[in-house]
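Going in written order, the chains are labelled A, B, C and D, and every chain counts its residues from 1.
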Amino acid sequence: VTAHFQFSTELKVRFSETDAQGVAHHAAYLDWLEVARVEYLARIEGGYQGLRDKGIEATTLEAHVRYRAPVRFDDSLVVRARCGDVRGARFRFDYVIERNGEPVADGWTTHACVDARTLRPTRMPAWLKQELARADSASAPSSAESAS
Amino acid sequence: VTAHFQFSTELKVRFSETDAQGVAHHAAYLDWLEVARVEYLARIEGGYQGLRDKGIEATTLEAHVRYRAPVRFDDSLVVRARCGDVRGARFRFDYVIERNGEPVADGWTTHACVDARTLRPTRMPAWLKQELARADSASAPSSAESAS
Amino acid sequence: VTAHFQFSTELKVRFSETDAQGVAHHAAYLDWLEVARVEYLARIEGGYQGLRDKGIEATTLEAHVRYRAPVRFDDSLVVRARCGDVRGARFRFDYVIERNGEPVADGWTTHACVDARTLRPTRMPAWLKQELARADSASAPSSAESAS
Amino acid sequence: VTAHFQFSTELKVRFSETDAQGVAHHAAYLDWLEVARVEYLARIEGGYQGLRDKGIEATTLEAHVRYRAPVRFDDSLVVRARCGDVRGARFRFDYVIERNGEPVADGWTTHACVDARTLRPTRMPAWLKQELARADSASAPSSAESAS
């Protein structure tokens, strides 16, 4: 399943992210997906901050998380992320969160490029579109992978 | 659209919930949905804490949020919530978040009853099932409402 | 002790604010102090948002919290706040957090007025200084109060 | 100044930790101090989780932060931490947060060992006291260090 993800980042569950059930609170996962997204975009020239410096923000349109197994304080997690489905001003990220090689959550988010001041939709810069498309095709499964 | 929601609660966007885009961070919405869920369940005998006292937790299986318009510091929001689709150990909440009568976000979450100690799925107590079903039918649209 | 506090606001401990010790996480208290501060300033013409609209931000210089008793999910809290010690661009807030009339925490924060764009210290507007001084003297203990 | 700190950890400011002033929210610093504290204790046999497994929690009694310069999204921070002043059930941590070698904040927290179930004060285990004292003396400045 995770063969399609070429990018991943690691993090540890912070104590401040746990709740009274003794597990990570479900809202913390959105922060972790964002951490992965930011690091993913950092591979692109300028990164997320570079976008912001050019007056472009990526705003979140939709977020979806499926919680498959609880994670606990100090657990080491791997967040895999993949950008794709770049259309017009919009793009989508898919994620899998793993612990010890086992998926504990997955999800996706959709985003739009907006003007940093007005927060209104703006055309995605051609260079970003190209970069995301390149990253997308790079992480697309080869026929060998999809056979496995 | 919101005719189906009989329950609602109000809150204000906290400064700590904003981010560097000058709007509420998208993860804060999950906290707000939870606030609404907790207050919704508080109408049921014992409420959420009552469930916890009986050794039952409601764990989150899935969360979905659609962000339709940014909200800002100090905005007054109304969170409408409705519980339904109670099956076995599982149940679902639907939400709409409004500002000045206009929807700014909507979403849904699914949950399962779990044993508070083991966090393993447990049968939903009959009384809770009944209460949620009653609340569900109570908030179902009448033909008069659906005509409006 | 709380005779000196004329302003107070109420809130409930959110589930998202708890941690794996089963109590509210210690960082959540800073959010609550901020909620009280914002509502305190809302009594002043324009409030905190009014300050921001004029290009002035209140930045936090120091924060101190003393945790006296743990608070739990769904606990109803009263946060008492008082502004004082207005000097130049700086001012200080003192707080007590109570549950059922018993103090569970206290603390203080110091702040400076800064230019909203540069975040550099800026002179506190005369009207704000006056308002804060007035609020300060209004909440100062009378001899009768201090005798009790 | 930082010669006394032998322990440090690194982190990046997350976007979710920023606020509408465009800087990291002041409550996020408490999370960062906790991250440093947890990693500091991880050097001790069993670490923080080991303490929890033995039914001991470290609860926070007091927290103090001095904010010296704003930090922004994606800033790389070094959090230096030192444990000391171990008395009875209590101990204290001191911290400095740096960016590019310059201090941007400092602070301290005090803690007590409590029984994990009752959250009541409990005697600090001798082995922990010894370990903390050892870590403390190890991080004390030698005459050579204090001369630099």
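In this section, contacts are C-beta pairs under 8 Å (C-beta built on N, C-alpha and C of every residue); 3 or more make two chains touch, one makes a residue touch a chain.
Quantities reported herein were computed from a predicted structural model and do not represent experimental measurements.
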item	value
Chain whose mean Cα position lies farthest from chain C	A
Which of B-C and C-D has more C-beta pairs touching across its chains	C-D
Approximate Å spacing (C-alpha centroids) for the pair chain A, chain C	36
Centre distance in Å when chain B and chain C are each reduced to the mean of their C-alpha atoms	30
Approximate Å spacing (C-alpha centroids) for the pair chain C, chain D	25
Chain B, residues touching no fewer than two other chains	15-16, 22-23, 27, 30-31, 34, 73
Contact footprint of chain D on chain B as seen in their complex	15-16, 18-20, 22-23, 25, 27, 72-73
Contact footprint of chain D on chain A as seen in their complex	14-16, 30-31, 34-35, 38, 47-49, 52, 73-74
Complex contact set, residues of chain A against chain B	21-23, 26-28, 30-31, 34, 57, 59-67, 70, 116, 119
